[in-house]
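Okay, got some structures for you below.
The following pair of complexes shares a single chain, chain A, combined with chain B in the former and chain C in the latter.
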Partner chain A sequence: MCNGRETILLGTYNYMGMTFDPDVIEAGKQALDDFGSGTTGSRVLNGTYAGHRAVEEALKEFYAMDHAMVFSTGYQANLGIISTIAGKGDYIVLDIDSHASIWDGCKMGDAEVVPFKHNDIVAMEKRLKRIPEGAGKLVVLEGVYSMLGDIAPLKEMIRVAKENGAMVLVDEAHSMGFIGPNGRGVAEDQGVLDDVDFVIGTFSKSVGTVGGFCVSNHPKFEIMRLVCRPHVFTASLPPSVVATACTSIRKLMHAGNKRAHLWENSKTLHKGLRDKGFQLGTEEPQSAIIAVIMPDLERGAAMWEALLHEGLYVNLARPPATPAGMTLLRCSLCAEHSAEQVQTIIGMFERAGKTVGII
Partner chain B sequence: MTDLFSKFDPLIEMRANLLASGVEDPFSLVMERFSRPRSRCATGARRSCWAPTTTWG
Partner chain C sequence: MDRAATAAKIAALIEPFNKKGVEVTDTTTFAGDLEFDSLTVMDFVAEIEDAFDIIISMNQQAEIENYGQLIDAVTKLQG
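Entry: the complex of A and B
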């Protein structure tokens, strides 16, 4: 319910619909009973409970990687890993459309920051080749870029990064659980997950709770637990949160049918909106995010309100969060949306679009 | 490829030496069960009374 009206939620990032999964909820309740409401401590002091280790084991299995480290938020995962591994004298080469947490991680670490045009492999390579020989290099990419819902050409970008001696970090926040044969993200889908040095992710999207993580095969990775300030100097996640995350991640390992249904939803909505005359952020559906481009902020806000009156919630996104000064209505689909609901959503967009004069 | 972790090598060595002395790692203790406030079973079956939780009340 929103404003007293039944509302379809199309802007939650709850891609796999895990927030009301009965097993997930039960795990959280049990952990509250067994371990209390919070840890009141840092992971390196009194804040590592059995549940924190259990969710890290689940992540290692999910990604088939050697190391996993959980943070209190996804923002802190990027902030911590990037600022810790790339410090003064190192270079970070990153996509200009990177998430704020990536930019903030760069700033905190004091490395030289070298941005390149969005998804432009040639521009990325040019910048890598200009970095002084012997300097530490980290390339930071995202699997899915959350504003337009487009994916990165990771296969080519990672090849270029490795050819130029860089380590690679990929943020798979918007692809985990959904994209790739096992839901490991765009790197898995493009067959290059083994070449990624660090995968960053979040529990606040497909996993359906809150928290962040990094997984890696780097043999020295465990030292991060002691040197990463956003990991050390904050309280650990409550036991109920790590219990829900652990249960959710283990269920996502076997969620092939849900992934297939979510892809169907994404394809149906993309085609439906395009057929109605809306301008979309991508030519083809590339993720569970469908971005509808608005002509300006005023009509974007009017359209957002008209949709809410129809009974549909989407995200209104505007600069500086959006690229190229765009105003967007950002739709994020859920595996729990039925095929019928997706058709209803298309109808709501059509009526609202005509009311506002966008189509 | 330049290893961005090389800056941590001295700390990694220090930690390895500490653990090699046989001391339990003081920074990765796992709280396995909880029986009542400020009294928890930590590693193994040992019951531990807790002072440093900052749960003042």
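Entry: the complex of A and C
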């Protein structure tokens, strides 16, 4: 409900619809009763409960990896891991459209930061080859870029990174649970997950709560728990949060039907909007995010308001958060949206688009 | 390549980015005088990097505010 009108939410990252899953809610309630409202301590002091270990075990199983480390937010996961593995004298080569948490992690670690044009494999390779011999190299990529909903050509990029002796970190925040045969993300989908040194993810999207994590097969990974400052110097997640996350992650391992339905939703909405004459961020649907490109900020804002009036909430993204100064209406789909609702959404877009004069 | 040769090469590279035809001297600033936004900076830096086969990291870019500083930095980076 929004302003007294029933409203379809098409602007959440609750891709897999886990926030109201009865098992997830029950697990959270039970943990609240059993362990209280919070841990009031750092993971390295009194803030590691059985639930924190349990959710890390669930992550290791979900990704089939040896190590998992949970942070209090996804932002802190990028901040912590990147700043800890790449320090002064090392080089970080990253996509120019990277998330703010990646940029901040680079800055905090004091490494030399070398950006390249979005998804440009040649530009990335040139920069890797110019790095002085002997310097540590880290390539930072994302599976799905959240502004346009486009994916990275990880297969080629990771191959090039490895050929040039770089470690690879991939942020799969927007793909977890949905993309790849087991929902492990774009790297899994492209068959290169084994070559990724560090996968960063979040509980605040498909998992449906809050928190961040890193999974890895690196043999010395466990030392990170002690030296990674955003992990050490902050309170750990409340027991109810790790309990809901753990239950949700385990359910996502067997969510093949939901994944298929969400893909259907994404394809239907993409085709529906394109057929109505809207300009979209990607030629084909590549993720659960569909970005509708607005001609300018004024009409973008008018369209956003017209959609809200129709009973549809989407996210309005504007410069400087967007690439190339674009104004976008970002639609993010949920596996709980029914096929009928997707048709309703397309109708709302058509009416609003005509009212505002975009189509 | 010495400073003069480097300067000549950069002068040719900056031309297509100097949309307003501002007169470029050593004290011309990129953000102020040339009104480069972050995307223009990225494209311009990429051109320079490719032309001289060097890396100008973000950390180094932060120290470069005007045209003279860029020529100095590129001259030095070719080592």
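Keep this in mind: the second predicted complex is superposed on the first by the 359 of 359 C-alpha atoms of A that agree within 3 Å, B and C clash if a C-alpha of one lies under 4 Å from a C-alpha of the other, contacts with A are read in each partner's own complex, and residues count from 1 in each chain.
The rule is simple: a residue touches a chain if its C-beta (ideal position, glycine included) is under 8 Å from a C-beta of that chain, and two chains touch if they have at least 3 such contacts.
What you see is a predicted model, and the numbers here were worked out from it, not measured in a lab.
Colleague: Looking at the overlay, what does A:G41 touch: chain B (first), chain C (second), both, or neither?
Modeller: A:G41 sits against chain B, while chain C stays out of touch.
Colleague: Going by the contact rule set out at the top, does A:A324 touch chain B (first), chain C (second), both, or neither?
Modeller: After superposing on A, A:A324 lies in contact with chain C but is clear of chain B.
Colleague: What is the contact status of A:V114 with respect to chain B (first) and chain C (second): first, second, both, or neither?
Modeller: second
Colleague: Once chain A of both complexes is superposed, is A:D90 in touch with chain B (first), chain C (second), both, or neither?
Modeller: first
Colleague: For A:K126 in the superposed arrangement: first (chain B), second (chain C), both or neither?
Modeller: In the superposition, A:K126 touches chain C alone.
Colleague: Go through the superposed model and pick first if A:A260 touches only chain B, second if only chain C, both, or neither.
Modeller: A:A260 sits against neither chain B nor chain C.
Colleague: Going by the contact rule stated at the top, is it chain B or chain C that touches a larger number of residues on chain A?
Modeller: Partner touching more chain A residues in the overlay: B.
Colleague: Now for A:A135: first (chain B), second (chain C), both, or neither, which partner does it touch?
Modeller: Only chain B is touched by A:A135; chain C is not.
Colleague: Examine A:L226 and indicate which partner it touches, taking first as chain B and second as chain C; both and neither are also allowed.
Modeller: Touch partner of A:L226: chain B, not chain C.
Colleague: Using the touch definition up top, name the residues of chain A that touch chain C in the complex.
Modeller: 91, 96, 106, 112-117, 123, 126-127, 130-131, 320, 324-325
Colleague: Could you list, by residue number, the parts of chain B that touch chain A in their complex?
Modeller: Result: residues 1-5, 7-9, 11-12, 15, 27-34, 37, 50, 52-55 of chain B touch chain A.
Colleague: Where on chain A does chain B make contact in their complex?
Modeller: 34-36, 39-41, 44-46, 48-50, 52-53, 85-87, 90, 134-138, 162, 165-167, 218, 220-221, 223, 225-227
Colleague: State the interface residues of chain C toward chain A in the complex, per the touch definition above.
Modeller: Listed in rising order, the residues are 37-39, 42-43, 46, 49-50, 53-55, 57-60.
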